[in-house]
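Structures given as structure tokens follow.
You will see subunit A twice below: alongside subunit B first, and alongside subunit C after that.
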Partner chain A sequence: MPTTDTPLGLTPGFADPVLGAQGCFRALLDAMAGPGRPQRIAGLALPPPPLSAASAAALLTLADADTPVWTDAGAVAEAWLRFHAGCPLVADPAEAVFLLVTGTPPRLATLAQGSEEEPHRSATLLVQVAGLQEGFGWHLTGPGIEHAHRLRVEGLQADFTTQWAANRAGFPRGVDVVLCAGEWLAALPRTTRIEEG
Partner chain B sequence: MAVLARADAAAIATRLEHAPPLPPATRLRGPEIGLVMARGRQGGDGAPFNLGEVTVTRCSVSLPDGRIGHAYVAGRDLRQAELAAVLDAALQDPAARPALLEAVIEPLAAAQAAEAAAVAARAAATRVQFFTMQTMR
Partner chain C sequence: MSAEAGYNFGYLDENTKRMIRRALLKAVAVPGHQVPFGSREMPLPYGWGTGGIQVTASVIGPDDTLKVIDQGADDTTNAVSIRRFFARVAGVATTERTGEATVIQTRHRIPETPLREGQILVYQVPMPEPLFRLEPRVAETKRMHALADYGLMHVKLYEDIARHGHVAISYNYPVMVADRYLMSPSPIPAFDNPKLHRMPALQLFGAGREKRIYAVPPYTDVRSLDFEDHPFRPVRADAPCALCGSRESYLDEVVTDDRGGRMFVCSDTDYCNTRQAAATQEAAE
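Then we have the complex of A and B:
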């Protein structure tokens, strides 16, 4: 095993780059189609600390040389991303297309929102949280959910739902969020309504 | 690296038999085959143009001590790219470098130089001395 405590201690990416990225992309599509339904992502054995398997695999799948990435995960993770994804890393969260947050996320309103003509030019925020649990917590409603779906997210800052309501009000502009915990991730597209339960 | 890039996998493996054993390596990326665009300039200083695509095999490995080796070699020889990457990493170790240089790199470089000299000698036999012909008239 390579050492991971030095900045140069790189770990491998997907064991099979093509199949791994395709499987992860499929899981992300399913997650976006069913908001709040956790999808399991396997295939990345050694994510660089402090990234979780799901968030590292998602960024490896989505990011490339054309997508500026912002992250607060530190030098080891940045070196890993630069090597495997080849993505430019930016210092300003507002310039990033993908953001990977391990601590407190930046305010949603400060991120790229897209424009009325091109709403797809908005940021996607990947947040690492402590846990995802179905059946408790938030009531999620909106496109992709037949009646209501319940999801409990542990370790997200308290005013997230307030920020989310403001984000939703700006539709079609706005930020999409992917919540990652361990090997699981759940998506919150900008159309989803959150009610505290 | 130039020597390893020109040597084929069998030649490198033959030399490694007489070298100190290489440390176990973890594959970071590849070995995988891809294309790179070779660019050229007419006359060395003209506008750059795309000459054509070259098949390239690349590999990156890491050793237990954290050293990382990279290799890009022309062609589609996966084994050559991996051996070159492992040697690139191992040669960064000052303790192992002299023995590896002596056992692997120097014999390969000598063989390549000898082959280049033989080709040059064959070509020299048919060389035409244009200036000499002019003055002979």
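Then we have the complex of A and C:
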């Protein structure tokens, strides 16, 4: 358990809210522009359990009162998000702009996909996984990748790649995924093709 | 260099940056698709790069080195004032060297020096909709993008060929991004279009007045529209640069007197200066 040094029992957000968010956003932008390449997130020392430093920082960077969030992370994390990000928490995954998943993610097809005219109105799914390893595992190709990136993801449900293929088939509609492990995150924009390695 | 007191880092407030950052991530995820955003009033008028400035302000950090060009030149009014703006409100280092910059904001050119992975090129875009001269209704162009129905643009190119014998578009030449979205590359010369294709740098486009953001991730296919029997041909003035002698760079025609005198010089000042300095050094050795 992290230390609870505030009256509310909350752990702090970014040590520097402005530059912390900027650094985290650049890591997210690099991750989206280079699918499957893990990026390190710094600036958030004490994420609320059970959130990892990367997933908590990513939501703190992107979520606010305009973005409904769905999470299965429990009361401590919810209180932390409400206080630091000020985001509304929703019960239905289909209504969420951001989803932060610590267990088994909801099926991609049940999340907001955007429309053919407005594919940007789709959900971004943040999934906490056990580990991210570059250079092994999946073969990733698509925009942002020169030849192929390789990424091994530990602790993701078995049928994710099947769901992902269906998600890709709906392009330009679809969900974008950010995989988080500890201080690291890697993104899978909807354009990325995954082949099992 | 430190940022001026009284401003948030990068001028914009954090809520605005967050909104633009969300739009940027979706823009990268759907290459070439125009994402609407809540464009803010900036301390300079629309048409002076407010879209590019808002994108740069949302992306830039204290460790970045910023280069700003206007038609390839680092020393024109727009470029100098935007560079000074970010030196003041973000305290970032600025440079005129393409190779040293991490973020490059540009109006109407792509630098001659090839960009590398990790660099970000931010375009100022006056009109993000490539179809607007052919179809003025936004609701209609949105539907055409949804259906990837770009026949109208092909008809326009065909009519150009029928009338003039070639496609009569010398700048803002429409491109297809990742075989899906028709995109305006901003008013860069058609000469620069091949540089968009599989560029290692991330390309972000901001249109302030039209309130749209779009992006091309690194190593993404970007094809200039053409026909098999009329392939795309970038045009360049048939002359060497009068200052550095380059036969590869894009040239500006400069009128030198009122008796028809003219010269061609590189539009990219950094490229031209670097070549001139190298030639001087070579001559001295």
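Quick note on the criterion: the second predicted complex is superposed on the first by the 189 of 197 C-alpha atoms of A that agree within 3 Å, B and C clash if a C-alpha of one lies under 4 Å from a C-alpha of the other, contacts with A are read in each partner's own complex, and residues count from 1 in each chain.
Everything below uses one rule, namely that a contact is a pair of C-beta atoms (placed from the backbone, for glycine too) under 8 Å apart; a residue touches a chain by one contact, two chains touch by 3 or more.
It should be emphasised that the depicted structure is a prediction, and the values quoted were computed from it without experimental measurement.
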item: First (subunit B), second (subunit C), both or neither touched by A:Phe83; value: first
item: Subunit B versus subunit C, judged by how many residues of subunit A each one touches; value: C
item: Contacts of A:Ala33 with subunit B and subunit C, given as first, second, both or neither; value: second
item: Partner chain(s) touched by A:Pro17 [first = subunit B, second = subunit C, both, neither]; value: both
item: Shared subunit A contacts, counted only where both subunit B and subunit C touch the same residue; value: 17
item: Residues on subunit A engaged by subunit C in the complex (per definition of touch); value: 17-19, 21-23, 25-26, 28-30, 32-34, 61-62, 64, 66-67, 115-120, 122, 124, 143-146, 171-172, 176, 189-191
item: Subunit A residues touching subunit B - in the complex, by the definition given at the top; value: 1-3, 6, 8-13, 17, 83-84
item: List of subunit C residues in touch with subunit A within their complex; value: 8-10, 14-15, 17-19, 21-31, 33, 35-36, 58-62, 118, 142-143, 145-147, 178, 180-181, 198, 200, 202, 216-221
item: Interface residues, subunit B side, partner subunit A - complex; value: 26-29, 32, 60, 62-68
